[in-house]
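What follows are several structures.
Below, chain A partners chain B and then partners chain C, in two separate complexes.
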Partner chain A sequence: MSDSTNLSSASVVEIQRLSRSFGAKRALHEVSLSIPRGGVFGLIGGNGAGKTTLIKHIMGMHYAQSGSVRVFGMDPVAHPVEVLGRIGYMSEERDIPNWMRVTEIMNYTQTFYPAWDTKYAEELREMFDLDPKQRIRNLSRGQAARVCLLLALAHRPELLVLDEPSSGLDPVVRRDILAAIVRTIADEGRTVIFSSHLLDEVERLADRVAMIHDGQIILHDRLDTIKESFHRFTLRFEQPFNEAPLILGTIERKGAGHEWTYFCRGDRDQLIQAARTLQAEIVQETLLSLDDIFVCNVTRS
Partner chain B sequence: MHTITAAMAWEYFARNRWTLLLFPFVANLMPIFVLGALSGYNVNFGSKEFIGIYLGFVLYTTAIIGIGVLMTQGSISRFYLKPLSTTTMVNFFFWGGGALAAAEIACSIAIWNNLFNANWPIAGPVLFAIALWGSFQPLLRVPVKSISGIITAGAIVAGVGYWFLSRHDELEGHGKNFWHNISGFDLLFAVVAISVGYGLTLWRVRWDRSGRQLMTLTDRIEEAFERWLCQYFTLNHTFSSPLRAHRWFDFQTRTFMLPLVCFLFLGAIWSIALGMAAYNQDHKIGIEVIFSCTNITAFAQLIIAFVIGMVMIQGYQWNSGRKMRGQDQVAMKPSEYRIGHYLHSLPISPTHMARAILQSAAWSIGASTLLMSLSLGLLWAWMSLTSFNVHTLIKPDIQFWQLAVIGVSFYVFLPFALMNNIATFTLVVNRQVWLPPFIIGTVILIAVWPLFVGLALVAAVLGLLTYCTIQCLKRKDVTPLATATIWSFGVIVSIALALSFRPEDWRIASVIAASLGTLTILPFFSLPLALQYHRTT
Partner chain C sequence: MQIHIHAQDGVPIYLQIVQQIKYLVASGRLQPGEELPSIRVLAEQLLVNPNTIARAYRELETAGVVEKRRTAGTFIAESGSPLARKERLKLLNERVDQLLVEASQMGFELNEVLKLIQQREHVLRQPKKEERNHE
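Coming up: the complex of A and B.
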């Protein structure tokens, strides 16, 4: 969360101390987040971590029980038309009216968006190989996802919000979705927020990442900064340990006897210096994948 | 759990604990309200004069309770992947649901009898409900395409409904009677209906579970119809405003059902009546059948309007209960809608969405009213051509304007209120501010003074209407001029309806008129708030 305040003036989404409960269940707790204009923002977290609840607050589908949410500088609950008109949204459920035909849902949805690009919509339809006369209920899961994506993209939104866009889809449809994200950010100044369980996707596309766990943001920064700040060292000590000594920034340590593997967060040089102070030899040093970082942080939390 | 059935029963009751109370409550609300109001006159509900009201309430309660049990049971297909025999799951849904519906109907009539000393028969309606339940199961347990479903449902309603009404001598025209004695034929009819229903349900579920699709003749006709629809009736244009687009959407999704069913009912009635008149070479039979069945169709509109209101809950998923999703039962948060994510992500304000929904309801009721008027107009022409004495159908002391006001009020405004007030009630239930004390207070006061139920309802609706109006004005959902116009309309409707009753009935007339007037204008103010609430829960 180091530079969130610096970017707030250029933020598309600004969330301050947002909390939300459903009965006794706490879904979000004191979440503060700033998403800058432009680029891809990945929201990652386990099942029930609060990703969808956070996205629904951005969409104005939940009012803030405490704290505040601003999208394009406006409260999405108070100004749904102004905010939603600039957002393209694809929900995890992909719950579009299944009695409509593809062409009907395109015509119906077009009415709500003055910026709808008919030519672009038609291009997308052809690219996704969607039959305009097919009813939605007769489409496969992947085709229905493509329709949702088309509806979210065709008005060239300033902000594209995709909630678990790849879940349950085959690699071909996932490729379409990822290509759509890339295409959207190719348009200058546009922003993509997407939540996913598939961390390799996030790693490939996101510029910035927020990790959410148990309703709290546990990590939020640029992806390269995050990746640079997590390290895995395998250390060989002169004498064996039953429990290896802690060094600066240790998240987790595993091993036995002389050789121990440390998962650490912090400046690399400082970590190396700390290891040398303990008279340990660095046998191996690797950067952590986003997957490792996620597991490390969630386990620690 | 000792048995699979016990586990399924536990899951059913645990999942639906509140909804199971809601449907009998809604089913009993109107009968208790009307009977409570009437009981202030020391009338004898057991007399033949009240057989029409009794039949209406039995049909209404049966429909609401039946819909409630079906909705709470959910789809049988979610058990397909469980290691259960098809017979076990069909038995649970078929017999369990039927027993529950029958018990709820028996309890409802027993409550009316106890509260209002009505002495109405219970066994007949229960037998009718079980037969109707059994007959409908093959159609409902495995989804049937719309047109085939409507045709088959119409045939079932016509068959079982004819049997039920004929037991009260309602259709024969030689003096109406309560159905106190169940004959051997009645038992045989019910047993046959249930057995055939059970066998067909089992067969259809087995077929469906094994992944086979049944292509009936009507399905083939529908496929051809679908191709024709695709060619000529596909939406190929955009709309000039989001309001118009959403009005089209709501009409297509929900309210279209009312004129469609009305059209099918009236078409069937006219065909049967003309056939009977021609067969017997007697105009009187045809005219009487059309007159009484048109009234039944008008009454059926109320049930359809209720169903449309419930579809609003299903379609927009306005329900705080736990819902079914796919094969599994999952706990869902209040604002997770079936298509709600899509609908509520569209840039349309709740005010415009509410207006679109109200306009779609008005279109729908307008279309069905036109059909009913056409039917009555043709009937009037038939009577004029054959010099039929209209006073054999209508009592001579009732003026035409009184009939028109009562007809318009109950068959135009009441369906409108039923269609659009579901959202309002979910708003109240979800807010949970004053509903529990209101219900407890009402129950206590009804026990002491039955007429209070009517007054309590009027007071509650008036309170809610005032609250919603103030909120809407604050939020600028409506202009002061529009507010004044809508309230004036409500007052005029109430006064006109009150005046159409006999002067000596002023007490009941004022309660009914005020209830209907307030319920009719309530959605204009409550719907924008309810939509805003459900969108942003």
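Coming up: the complex of A and C.
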């Protein structure tokens, strides 16, 4: 909350035409993404879609093979100290030296972050019920995740980056992580980027969402806008069809005979109008979850 | 205040909150003058984006269900529902008509629909079992 004076651009992360291959495997292809300051940015995609590779570019752990990555207006590979000092990061692997004690890893991490808040770190340690003398290797999976979360939060970063933070964790620890996200953005101006394959988490928390599939961004918008622009209607036609007529914006249509279910992208009123033009009756309209929208967009591409 | 979010429902989360608060007001479980939790507190409790809570509160304010008081927080409006009884009846009639048409299209008899309404009311009145264990 304190350190936001030296930020000029409105975007926290600016990625332009980023491509990356590992050997013959294409991991990212022409990814362009602008993540505005403030709010929660959800990155969703299946296993191996490129979420972690993209996040590692933001963290300066991969250099851009082609294209560019800017975080706070800087190249994170060229300016790691300036960039990483303002980011709190938790990776899916949650790899921290497991021979250290909780208090040792806290002191050790503190040396990297001038903004480390000792009092806040202590508050978090108590809230997460972490024994300072305990060695990391003796902690349960959930407690180890809480240590990582503490280390990511204690310097009150401007940007919190969480890569699959709740993967493999029980609901109680997941709750801690989601609550930390809520608290982080409740402080004005702070930004959270998190990737997840648990789409109900993303639906609860994200202001903006990007869907990544096969190394490409296939959908990126405000979550509200995404939810308003996809629809599922079941239409009943006067005469039966072997193949239902196409309506503008149709992504998929399934059914038989008189009744066909359309999955469409577009303005709801226009879709209803289009159905009327075909003299079809709308017998059902289903509201779509982010999960439904994701599945349909991925199967199409 | 008991609110349950089902992110997989497809119903936008802000709307789930709006509908449930309206229901709590209508059923008397939230009384006029009662204070709602702050945006931040409810966001942490429900684990949803604070902007979503803010949007729900704005909608409720526009609908006259809640009112913001300067310096204080958000309260259930003293007037309760701002709509006259006649208008409320009209709104409800439309919904009932729609339900009856759909029910008859799906082949349900009136007494089955009535039974279903009673069942649903019973379900809505009781907090869900699995969630009750958390609180």
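Everything that follows uses one rule, which is that the second predicted complex is superposed on the first by the 292 of 301 C-alpha atoms of A that agree within 3 Å, B and C clash if a C-alpha of one lies under 4 Å from a C-alpha of the other, contacts with A are read in each partner's own complex, and residues count from 1 in each chain.
FYI, a contact is a pair of C-beta atoms (placed from the backbone, for glycine too) under 8 Å apart; a residue touches a chain by one contact, two chains touch by 3 or more.
Just so you know, these numbers come straight off a predicted model, no measurement behind them.
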Chain B versus chain C as contact partner of A:Gly48, first or second or both or neither: neither
Which of chain B and chain C A:Lys56 touches, first, second, both or neither: first
Chain B versus chain C as contact partner of A:Arg101, first or second or both or neither: first
Contacts of A:Gly73 with chain B and chain C, given as first, second, both or neither: neither
Chain B versus chain C as contact partner of A:Leu288, first or second or both or neither: second
Which of chain B and chain C A:Gly189 touches, first, second, both or neither: neither
Parts of chain B lying in touch with chain A, wherever the complex brings them together: 230, 234-242, 244-245, 248-249, 252-253, 333-342, 344-350, 535-537
List of chain C residues in touch with chain A within their complex: 5, 7-13, 39-40, 43-44, 46-52, 105
Footprint of chain C on chain A - complex, ascending: 39-40, 175, 178-179, 182-183, 185-186, 199-201, 203-207, 224, 227, 283, 286-292
Residue ranges of chain A touching chain B (in the complex, touch as defined): 22, 56, 59-63, 77, 80-85, 87, 89, 91, 93, 95-97, 99, 101, 103-104, 107-113, 133
